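Encoded as structure tokens, the structure appears first; notes follow it.
Chain naming follows the written order as A, B, C, D and E, and within any one chain the residues start at number 1.
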Amino acid sequence: MNEIIAAGPGLSAWLILAGVLFSVGVYGVLSRRNLIAILCSVELMANAVNINLVAFSRFHGDTLGQAFALFGIALTVAEVGVGLAIVMLVYRQRQGIDIDDLHDLLG
Amino acid sequence: MGAWIAFLVIATVLLVGALMVVSARDLVHTVLWLALSLIATAAAYVALHADFLAAAQILLYTGGVVTLMLFAVMLTRRQSGAQVLIDRANGGLRAALLAAALLGLLVTATVRGTPKLVAPTFNVDSTQALGVTFLTRLILPFELLSLLLLAAMVGAIVLARRDGKGVKLARLAPRVVIGQPHDGGEG
Amino acid sequence: MNSFPWLSMIVFAPLVAAVVLLAIPTKSRTTTRIVAITSTLVSLVGSLRVAIGYLPGGGYQFREHYPIIESIGINLDLGVDGWGISLLLLTSIIIFAGAFASWTLTQRDKEFYVLLLALVCGVFGVFVSLDLFVFFLFYEIAVLPMYLLIGVWGSTKKVAEAGPFRFLFRLLDIGGKEYAAIKLTLMLLTGSAFILVGILAMYDSAGAHSFSIETLGRATYPRSLQMWVFPALWLGFGTLAGVFPFHTWSPDGHASAPTAVSMLHAGVLMKLGAFGVMRIGMVMLPQGAASWAWVVGCVAVVNIVYGALAAMRQTDLKYIVAYSSVSHMGVVMLGAATMTVEGWNGAIYQMVAHGLMTGLFFALVGLIYGQTHDREVGNMGGFAKSMPAVAVFFTIASLSSLGMPGLAGFVAEFQVFLGAWNGPMPWWALAGVLGAWLTAVYVLRAARRIFWGAGPPARFTNLSDPVGTEWVALVVLTACLILFGVAPRLILDDIDTTTVGYLDTISQTAPPQASAGVRP
Amino acid sequence: MTFTGIESLTLPLAVLALLLMVFLADLLVPAPSDGRQSDAQRGLGALTCVGLVGVILLSWWMPQGGLAFGGAYVQDAFATYLQRVLLAAAALGALGSIDHVDRNFPSRQGEYYLMLLFSLLGMVVLAGARELVLIIVAFELMGIPLYVLAAMQKRAAGGVEGSLKLYLTGAVSSAVTLYGMSFIYGVTGTTNLTAIAARLSLGDDQGPLLVLGLLLSLAGMGFKIGVVPFHMWVPDTYQGSPTPFVAFLSVAPKAAGFGVLVRLFVEGLGAMRDTWWPIVLVLCVATMVVGNLFALSQRNVKRLLAWSGVAHIGLMLLAFGIATVQGIGVLIFYLTAYVFTNMGAFFIVDVVGQDGSDDLDAWQGLARRSPALGGAMLIFLLSLGGIPFVAGFWAKFLLFWAAWQAGMGLLVLLGALLAVLALFYYLKVARSMFIEGTDGPAPRVALPTALAITIALLGVIGIGVYPQPFVDAALAAAAGLLGG
Amino acid sequence: MTSTTSSADASPPPIFPLHADHLVLNLALIALLLPLACFVLLALVWPLRRAGRLAGWLSATVAVISFGASARLLMLVVGGEAPLTETVGWLVRDGKVIASMGVHIDGISASMLAVVTLVAACVQVYSLGYMAEDSLPAQGRYFTYHSLFITAMGGLVLAPNLLQLFAGWELVGLCSYLLIGFYWAKPSAGQAAVKAFWVTKFADMGLIVGLLALYGATGTFAWDAHLVGIWATAVPALLFMGVMGKSAQVPLHIWLPDAMEGPTPVSALLHAATMVAAGVYLIVRAYPLFELAPSLLLAMTWIGASTALIAAATAIVQDDIKKVLAYSTCSQLGYMIAALGSGQIMGGYFHLTTHAFFKSLLFLGAGAAIHAVHSNDIHDMGGLWKTTRISALLFITGSLALVGVPIFAGFFSKDLILEEMLEAGQYVPVAMLVLGAGLTAFYMTRVIVIAYFGDAAEGAEHAHEAPWTMLLPMGALGLLAVGAGFGGDLLATLWGQQYHFGMTPIGITTSVIGLGGIALGIMRYGTSTWTADLLGGLRGFILSGPVDRFWDSAWRQGLLPFAQVVGWFDRYIVDGLINMVAWLFIFLADRIKRFQTGRAQDYVFAVVLGVVAFIAYGMVGA
């Protein structure tokens, strides 16, 4: 126990943190009704992934993971940008961004 | 010891922020809680010796994404208002169970399988090394990334741009017929 | 080897005609028919040429070889033996007659001929393919156009709602032409799924990286493989051959189909199934066949008797003929199941005989229906007065179907019975004979109710004998029925040589116990 | 680390050049003020199409087999084959879109083709990507324009809804993919597929985290190609989006997605096939069954084709899962056939749907109103159903052939039986066209669309009648991948 | 692939061996093929056929020529010409001929051919007059069928093996069907035609199986094959089943009375003289097979005797003159079968010959009567003696021959049968046959008394004597009915047997009983005062038709309902199950649609669910 404490948070601690964050994000995506809130939850998931990458990078002692995470950040930004544009489109069409209102296509 | 404290603080802030993101009733609060989470993440990057990344996180995310989100909230709150419903009927429980299952599995996998890696003690100049990585082996994805951002930008503009007349369609009936010819009149 | 690609000519002449029909912008009925009939005539002449030019002694002749995907052993490999010749002749005769039988079609005739010719190409292809894959390919081509042919040009028949599944009738529109069309297509293609599996199993097991029937035929397959591949092929091909209980597409399909399609389908297509069971299933998987022969035979017996009894119950003229096909295809399968020379000769001969006979039947039914717009036998009577020639032809077809000596049906059935008597289970022959009697009961009953009795009911005015081109189908088919009934050795010698060749191969490869049914 | 091998990037660069040309052209062409499109703008589609044809031709003159940027990208035979398929799909898609864009959103001509090319660029890179980071970036480059394209018809309620569904599942899936890749990187310490393969071949214990990474990546990729249970966006998005785009969406991302799957799971994680194979098997069965069952009751032709597409993915997944030379060869051959078949079918859907309805009722009597369209659609349907002498037949047959030799007998039987089920709903369309309905005026077919349909038709029939060169090329490409 | 290539030399040359100098063969072929040519000509050249009269004359001429050829052939054979067989291969198996077609000429076939062609020629000439009132196309059709019949019967008679005999057998059955149904517009004719076909075909199942068994046991269809074991009994027994149908033995005789729906000359030719005798001919021909089965022979004796008695008893109560004759035919065929069963081939065959003459004469006579009054009912004919004396005389001649009054043909053959059977110790059957002879005398007397001497019926007063075309053949047959009995020696020569005629006790007894029957008949029907109905009870029972009722209920309550059940089962159960499968898919497809809810979050849920499932699998597996 002491060793663990002395060694500082190990890789698995960071991974678990990322895992929890990812799960929370998933929960958000599945349970929120507002599209923007859902996008926020997606952000959480993306962050969890980045923490994962950086943690691995740290423990491998290389920068590859960091670079990967940087790509991840950029990708998420791009995604969110387009996502918000779609949300705006939805809003303009329906004067609302409640995801439950969008189920015209089904079956 | 100090590392643990830092970790726990960061983790606590991060998770509390995250939980608030998925549960806050006010949309603006949601976005702000997200900002907090993102900043906590940046702190985590620092703790993991990824300084450049932390900076990028603050700049890109907190500066860019959160702002965008706030704009979006402002633009769309006319009808929906600040208060938003969180749970769909039964959806919340279902989502919680599934997320819990996911979490359990992820933790199990992590606990069982995390490789025995020890963080090197020497302090690399991570920013410089990062730059080298970017411009050598990752140059191709890097170039492609620029194109991706361009594409996303163009795409977002295409979608968000209001077309000339700005006719608002009433909410169409379910099973609406797609591709009405009168749509061609716009632009 | 041979200078002129006769087989290609036979197979692809209809396809070329179909393409030509698509290409020419004519709306002229006559032009359409001339193109179609010319192509069938070309095939007919080609078939005759091949039949005459086939040298005694057996083996595949008129070989042709074109690569398709050589790297995995798929080639367009053509050739005929005695069996192929017989069925080639049958097909070309039927389609020649069928093209004439559709002469009076008025609605969307060009499309009709295009589909019909595409279908015929497939049928020819199956009979001359020496590549198992191409065999399968043509097989599928032959099955599919049927959907539209029945769906577009077919007729609908109200079926009384009854039985434990009565709730299905309205749901599935049972009795409708679309129902019949889709049922036929799906059932047959379900069968072909099993065929595909069987073919792949054989290809893989032979390990020769070739689909050539000869190459695969030389391979010996492990008994365990044969034990399940043979039933798969039997089920697959058997569905098309109308094997009980997968025959139910046949009555509805044949009853709904337009004349030429019924002729071709009952006359030729069902033979594809039986031909497949024999040529692929039995010849190539002799151990499996010998082990399962008793099942094949017993089911065939069920087919014969059951089909005949069901036919007896029908009141719709087309259903009677359709069920008679189920019964008669049972005779073919019975002959196949015997694994004797007589049985196999008889089975192939029965394919020809039944093809001609049922083709004639459907041509006649088409003529009758074309004038009465009613197929209910109970509403008819005394038609011999206004259509004596039809009555005569119908009687001849009936006689052939009940096995009257002098007509092709007898030659075939008698040989099958001989084979059955000498086969693994002699009692099969008894059932076969009983079936022939039941056939006499229902066909003559039908003939009496349609043609005999006091003059036609008042609502059927203006009935008349065939006119003009309508005669061609009737005369050609009847002539062939009599010709093959009187002089069976016109084709029997070639069939026999081929059969003996196959059975020799089987008895060499199969252990003696497995080939118990084969007479030394 | 060298910069050598830039010449290996000829094809992506050519696409980029074309993209920039279109971009510039769009910028330079004066926007019409009166709301009508100018002829010059209308020419953008033609430019795209012609340019893509040029790129395809270029693919026969460019250097082959080279590595670029330390092995991040490889221009091997597999990549080239796949890229040709992708380029063909894009060229066909552009051609088929010209009329639709003109009719429905003439003011967004430039953007439409630009997005198409962006997506294509991502796909083209994907085909040769051997680096996780490159893969994920290219994946997104492929994906993001698709969200935009799906919503291109902004006024149509369905378009936006479809786009949103695509976007949401897509965003979650990319997060999942990225998460998975983070584990792969974390366990192996590298992102280069060749290096990963080398590391795995040492025989180290792979550990649960690598398995986790692998499975998460598989799930994320599964979204793009529409594998059950990640498929649910497919019918909705197809129904809502502009039809010619759907034609493209229904084939090109699938081809690229399968390309990545092959790179990642066969080239990179081939040593772990025992781990992912059972899952792929289950997915394959589930996808085939679900796709076919859901398609059975559809009355909207676009949805019907969408579900049938899901079913086809199930079959392709089988080919992928076999992971033999035959399997991979058949996979890319299948994709080739599928491109022509599915795109052709969707173009006709577009023509018929221009009256406003994709319902089966709108198809009644098509064969009589326009025999050519009816006949062409019939052939596409038959190809989808796997009926002889059209491309789809060979695809399906060769797939079963390969699967059988890999010992997947029962799956072959299942696939063959489901193909029969599939025929039921394909024939439903045929029934509407040929059996029902009456005469009437033929639907208007614009020249570019007609051309696109004709090309697709020629492709379907051409491959059907003479498949040998395609099959041989596909098998050779696969052999190069697995042998080398 | 094929190893057997030597098929060519094993088979005979394919062209029929017509030798210009081979008179026997050529005569047989003329007798056989000339009618065939006539048939083909009439069948194909419809103007000729529809011309009617011309077709009739042509056909009749051909029949006469055919008879001429047969007669000459018979003379040659009597003159000691050796038996001859010429065949051509018909069916092959493994390159060898297993069944051939051709002609086999020996005493039996030559004599039978002569009988057949003679009666056929007579009947055809007769028909020229009898059918004159029918429409011309109908006449053409009639003679076309007749030509076919001669060919078929000739093929049967000259068959070199049982298979060809069977082929001819079926073809004559076909002619019978066509000719019974000649008046197809009449519903009863149609029913009678199909009934005849069904019943005989039913019996033929035995015949076919017999052939199969014969082939299975010996590999040939030869009638002189040597059978052992169970097949020695089974094969002839199966063949005999066919005989029972064709030769109308109880209980398969039911079709014959109905067959009288056909024109009377048809009844004379097919259903009295020749076709129905084919069964007897088959047994005679295949006697080498039958004699190996003593138990079968015994059964044949009893069946024949029973038929003779029952049919004769039934004939008593018939009012239709043709039905009387039909039952009489059954009865007489019973005599023949009984004789053959007792091993008396000669006797049976002799009776066949004489019966052919006198029974066809009787039918033609009946035909003349019917022709005169346009009714079959004997009560409508009363007093025909006055108007149609020649034909009445001829009818009475035939009756006497049938009854077996000495000097007349029937006497000799019947006497021979009874005598030989008695010698063989078949006492009970002989008693039955003798009783049958008495009944025969009674019912023939009844017919004659009522039809020719009874109270003049209305139609009979204006009746005309038949034309010469009808009387001439009747006369010829009348001569034979009187004189054929003396041909026993000739027949015996052909048979290679000795035949002595002598008045024996049984002959005398029979004659006496016959005369008694005549007397009884005259008493019963000649005087109107005697009204006591001796046979009242029997009459009711016979007219109720117990055998017919049995078959009728087997048809109506057995086969037809069973077919109904099978058809129903197929439509609603077998097909229902298959439809059910289709419905299951449709139902399932409809139900699962609800899982595609249209809600994006559900889609994401599915994605995550998939992910969770993946990981769960990975964790379990790893």
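Heads up, the rule we're going with is that a contact is a pair of C-beta atoms (placed from the backbone, for glycine too) under 8 Å apart; a residue touches a chain by one contact, two chains touch by 3 or more.
These figures come from a predicted structure and were not determined experimentally.
A.B. asks: In terms of touching chains, how many steps apart are chain B and chain C, taking the shortest path?
C.D. replies: The fewest steps needed to get from chain B to chain C is 2.
A.B. asks: Chains shared as neighbours by chain A and chain D?
C.D. replies: Neighbours common to chain A and chain D are B, E.
A.B. asks: Ranked by contacting C-beta pairs, which pair of chains comes out on top?
C.D. replies: Chain pair with the maximum contact count: A-B.
A.B. asks: Report the most central chain, judged by the distance from each chain's C-alpha mean to the global C-alpha mean.
C.D. replies: C
A.B. asks: Centroid of chain A to centroid of chain B, CA atoms only: how many Å?
C.D. replies: Spacing between the chain centres: roughly 5 Å.
A.B. asks: Could you work out how far the Cα centre of chain A sits from that of chain E, in whole Å?
C.D. replies: 97
A.B. asks: Averaging only over C-alpha atoms, locate the centres of chain C and chain D and give their separation in whole Å.
C.D. replies: Once rounded, the distance between the two centres reads 42 Å.
A.B. asks: If you average the CA atoms of chain A and of chain C, how many Å lie between those two points?
C.D. replies: Taking the average C-alpha coordinate of chain A and of chain C, the gap between them is 65 Å.
A.B. asks: Would you please write down the residue numbers of chain A that are in contact with two or more other chains?
C.D. replies: 22, 25-26, 29-31, 38-39, 55, 60, 62, 64, 67, 71, 75, 78-79, 82, 85-87, 89, 93-94, 100, 102-107
A.B. asks: Multi-chain contacts in chain D: which residues touch at least two other chains?
C.D. replies: In chain D, 133, 136-137, 140, 144, 147-148, 151, 154-155, 157-158, 164-165, 168, 172, 186, 207-208, 211-212, 235-236, 239-240, 297, 424 touch at least two other chains.
A.B. asks: Please set out, as single numbers or ranges, the residues of chain B touching at least two other chains.
C.D. replies: Residues 88, 91, 94-95, 98-99, 102, 106, 108-110, 112-115, 138, 141, 145, 148, 151-152, 155-156, 158-159, 169, 171-172, 176 of chain B touch two or more partner chains.
A.B. asks: Which two-chain combinations touch?
C.D. replies: Listed by label, chains in contact pair as A-B, A-D, A-E, B-D, B-E, C-D, C-E, D-E.
A.B. asks: Over in the complex, which chain C residues touch chain E? Could you list them?
C.D. replies: Residues 56-60, 81, 159, 162-166, 168, 171-172, 174, 183, 186-187, 214, 244-246, 248, 251-252, 306, 309-310, 312-314, 341-342, 345, 382, 384-385, 399, 402, 404-406, 410-411, 414-415, 417-418, 420-422, 426, 429-430, 433-434, 436-437, 440-441, 444-445, 448, 451-455, 488-489, 492-493, 496-498, 500-502, 504-505 of chain C touch chain E in their complex.
A.B. asks: Applying the document's contact rule, which stretches of chain A touch chain E when the two form their complex?
C.D. replies: Listed in rising order, the residues are 26, 29-31, 38, 99-100, 102-107.
A.B. asks: If you look only at chain D, which of its residues touch chain E in the complex?
C.D. replies: Answer in residue numbers: 164-165, 168-169, 172-173, 176, 206-208, 211-212, 214-216, 218-219, 222-223, 228-230, 232-233, 235-236, 275, 278-279, 293-297, 421, 424.
A.B. asks: For the complex, give me every residue of chain D touching chain C.
C.D. replies: 367-368, 371, 375, 382, 387-389, 393-394, 397-398, 400-401, 404-405, 409, 412-413, 416-417, 419-420, 423-424, 427, 430-431, 434-435, 467-468, 471-472, 475
A.B. asks: How about chain E: which of its residues touch chain D in the complex?
C.D. replies: Residue positions touching the partner: 585-586, 588-590, 592-593, 596, 598, 600-604, 606-611, 614-615, 617-619, 621-622.
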